[in-house]
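As written, the chain order gives the labels A, B, C, D and E, with residue 1 at the start of each chain.
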């Protein structure tokens, strides 16, 4: 009997704990996330009449998106640029995370700090700094001319997709480093020893044991970099020039200059679905390759 | 430098941070094709020894030679050595087959050949039907066998085994021992195995290294180790021996007569010792060499039964003699008194002809 | 419902995804204060049984009762049960002391009292000097002992031990067995221990459950299991028995005379059996019950020595009889022929008075 | 010391790489202090002359200090809430695995897909409906939404990589779910928690578009900087501001690091 | 006490512009800023509710259509009569009955700012922004009422009212320009930096940029294209449910003080809407800033960016062209 009372209390405690654990997430997701999601989906099937929520119900927005080649083109361009950014960011960040996880020793927290420090300055300011680097009379051109690699300054660095990739790869550095670092850190040392023992040189150990086991982190990093990049509009606008116009700018413009919220929402829904598809495909591919994500 | 040694550890020491001594001046040379076992209490440095040989730990001092060449600076992957890890260290992202085939795949062995050898290795460890399973879904013993297959398949010059059979039942274990021994003979591989199972060490090894407190106590063949342990520690560790403080009473050409209190012990001298009557010594008396009886006989001593433990073929009996010596005896179940019980009073004598190691006092 | 059972498993089955059967209709009742061992080959479901009792796996079917109450729906922390995990599962972010003290700290035990009990528990497992170490810096056997101390310290009603001594040498192991047994008696705790060591199971348990392929083969006390195994599997598993196909030749009041080819075997009948002369049966013959000699005697059979393995006190000899039966014999080293060698021809007979289990054919 | 030759062999090029990477990270950032002392509105080479004039304009600039405080408090609050949500959602998803928990975890990772404008507009509508309108609180909510996917993703990865037998062992010793969480899983997830918090804070501290829509009359630092950047002649002042933030964060983090190391060296003495 | 909420272009919140208000109501204003008035409109449409906002004239129709505004009584605007008649009489601000939707405050010009050293003696025409030899070194303003208006002028189409066919012509003109443009932007900081560095040789800017660059000694000229500069005007509106009407009037009034306009002229080089402000600025300074003391005459040679009937269609088209469609 007594026992029963005890376990009942424990049962309640579990319930309370679970309730407590669910509450913050539930409030945030069910109120904030669902509201935003609902609004964008709702708007996307409305007809623009310049009012807050549009009028009627129609799939016309989607018809427009799928019939005008421009949108496909811009989405493709966005995916390409975001893909490149993700690739560049993750590939560049991985060795740093690796170093942090396995080699940094007592310097680990210092380097972690150094890695995040630049991001305390405003993003806009950093973009400006990149402009100074890439500009006509900028650092890069000066270096090229000083080293004799080029005779006259190039205007080709700024306002190109390459500039966007560079700037974003810089901007998202900690977002790639930290998740990969967290994943690498959890790999038992004995796995690497086992691989080495079986004759795997460091690179093979890396490729066949460390990399697959860090894939959860790499994927997290990729998602955290890729997804917001696809929808970014500030960076392309500031440093990318017209050839870098991404889907985010179009969405943004529909909500601003063009004042067609329903169409903007439809574009947003479309992008979300495309990104979701990309992420799911990548995750599936990763499963096929046997990762344990 | 012994030229016939395949592997040599020269004055190898390993100090961990925090002042912990993992290995203290280990000297060891292992011949090609030898089956060497490391035996010793928990924490004595067995795993550390293997790790130093495999190349996972750099010795703080000393060097490791393979074929006479100093391999101390070589990395693990450059040493023709494979390891079965105490905690298995299976790759969680690979299937059983991928784990086992990993080493081969590094050696650019054709896929078909690889498949064949993986299947054969898994067959050997009795896991042919688990070939495509995830390693997480395996039981403890199954994991251990996968680890074994993974290391063996590479046919290294030296195979290091860290308690490779500890999770297996006696049956499977004996089977695996036979397999290991066969493999070792067939491939001519040198095996260095850590085990905590004395019988296993005695039955499978060419030589046994007994370690204690980061150092080597004795290196010898199983029978020498068993019959002539160099130290009381070894005697105690190998045979669950009773260590009896005795005095030499008399000696003739072939027999030494010792006494411990009223218990008299006749031990074949084997040309042994230069003990003189009256000298003290320590005698290692094995449990199976102790006879018990309900009747007093000459040279026997009375004792009370402290506890009786069923061991299957025998009963392990803990006794306290009238001289307050604690003794452990293994009594065959068929022998009399068949049903010994705690608290009974009996008489103890030494089995005639029992060869008891005489140890430095 | 047996009223005196502390713990009951009623028709418990566990199916894993992928159609793997972990447990198949297990019925088991364990009395208060009992020491029960689970014995069986690797992968037979021992760990799964413990996990079901501890509350980590919900049985697919069946229920678990404690004190007659159905605890199947209870979570692990609500069960007065503690576990020593096969892979230790020590908390990597805590020191040895913190690991061991974890359970107590949950029970709101004063810090001073806790420190005392932690020290005592570590003392018991021989790790008093490692109290403030990180668990990563421990050897395999040391970790296992920390896991043991961590589970024991809580004094649960039922203690589940999954191969708790597998990483320990015989010496320490026997010491720990004695400690476990003492603890169990003192605290009146019920122990359910998985082990792969037959001797350990026989020596420490009140009853032994032999499992095979997710099911129970036999539940019995050690001596009954040893002397009267219910199945050939149990006989083979427990005693490394030779399973001989025999025919009953004749019988009298006390002795059954069997024959396997030219080998004749006289077995005490123990009022056993209703076999009639001419009937076939399987006899479990233990290695230590096989006698070898260089001379033919009545009822013996010729055999050749296939291999000889040194086991310390005895030699394990694998034999092939003239009738092509494979036999394993344990020959005391003191017995003749003392130095048996592979390829020799000898004669085999059954030790008079040996009690051989007669198994259903 | 013990595993030196094993661990650091082959790390030579890696060290170089990390060095170069740091140069890459700091190259543009280092220009900010440089031009903040340059006596010219144009942020271009060659440098004109040294001046502290831009810093003088910072001092006593109440809007700026207000914006800084607003951003810091919003960043801390949003990062704390997002990390809390990330921890709880990921934990319930990977450990308790109820269908509700999984659903929430799935939804929580979606906002990363929603364009910032949409987040800004919908939350503006929402906070008006809720009655408190654009304000710091509104921005905090917006940033929680923006950071949530990141924190959930990171925390999920971490919790999933802890062997199941660890929480099982704790539970077995009598720890209820809360204690398993608090005493075992949480400490084991600490590095990930730090990472989550850091990333969430950085995101919030830098976020612009959502903040634009949700800001009432208290601008965040990015809003302030952005409005200043529309004035070409404010550029050096903004550079000075960026430099000041950099310096202060170095000092704060440096002190924290010193304290931490001192604490660590004490606990390290018994370590391997 | 309640505070006035004022939503304005960043940079237009300076206390110098409403000293009188601050003196009368210390610490009674909360300011929120925006970067372009499209964003401002979006935020207000989504529910942000300031008392007074500061959009430009061409957006008034849009704000009105959404029902965001309430009329302002000119009778309560002390200096109403000192506002230049051109601005006072703007068509779209009339709310009838002595009421207006917007009180004009600032105005200025949009044209090509070019490097005199890098572009030698250009034809005085907007066509410079279509000149292939400067491909990649041209920037133009990213707003409907700027670049598309110019494109319309060059295509010979009225920017303020066009047929769909004419809109297509404008689109073609814009497409023609896109490959040459290095950036569509409203970020004058970047544009000025780029002009100064030589990355850009010519860009569409507001006149303040010309003033600033010249002051730094950069060799630039603010062109007077033969098709006409663009002239814009902005002003104050009162939101429908403004809570602080009295404060709002006081605020607008303070902004129409001469010294407020003077501060505007002297700080940014933009024109104030009041004659009194112009009177307060020395003549040579006005000349320096290329500000005519009478916008009336100036407007004869410039194009006033009033409401565009097809604003939304143009905007959508412009977005597509920029994206490459």
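Heads up, the rule we're going with is that a contact is a pair of C-beta atoms (placed from the backbone, for glycine too) under 8 Å apart; a residue touches a chain by one contact, two chains touch by 3 or more.
According to UniProt, the chain labels map to these proteins: A, D = Spermidine/putrescine transport system permease protein; B, C = Spermidine/putrescine transport system ATP-binding protein.
Computed from a predicted model, the values in this text were never measured in an experiment.
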item: Chains touching both chain A and chain E; value: D
item: Distance in touch steps, counted as few as possible, from chain B out to chain E; value: 2
item: Distance from chain E to chain D - Cα centre to Cα centre, in angstrom; value: 37
item: Computed distance of Cα centres, chain E from chain C, in Å; value: 91
item: Distance from chain D to chain C - Cα centre to Cα centre, in angstrom; value: 56
item: Junction residues of chain A, two or more chains touched; value: 10, 14, 52, 128, 135, 137-138, 202, 255-256
item: Junction residues of chain B, two or more chains touched; value: 16, 18, 20, 55-56, 75-76, 87
item: Chain E residues counted as touching two or more neighbouring chains; value: 39, 42, 46, 187, 189, 193, 197
item: Partner chain B, residues of chain A touching it in the complex; value: 188, 190-191, 193-202, 204-205, 208-209, 212-213, 215, 290-292
item: Touching residues (chain side chain E, partner chain D) in the complex; value: 5, 10-11, 30-35, 39, 42-43, 46-49, 187-189, 192-193, 196-197, 209, 212, 216
item: Of chain B, residues touching chain A in the complex; value: 54-56, 75-77, 81-83, 85, 87, 89-95, 98, 102-103, 106-107, 150-151, 154
item: Touch list for chain D against partner chain C, complex; value: 163, 165-166, 168-177, 179-180, 183-184, 187-188, 270-272
item: Interfacial residue positions of chain B with respect to chain C in the complex; value: 16, 18, 20, 39-43, 46-47, 86-87, 137-142, 145, 162-163, 166-174, 196-199, 202-204, 222-223, 226, 236-240, 286, 288, 309-313, 316, 332, 334, 351, 353-354
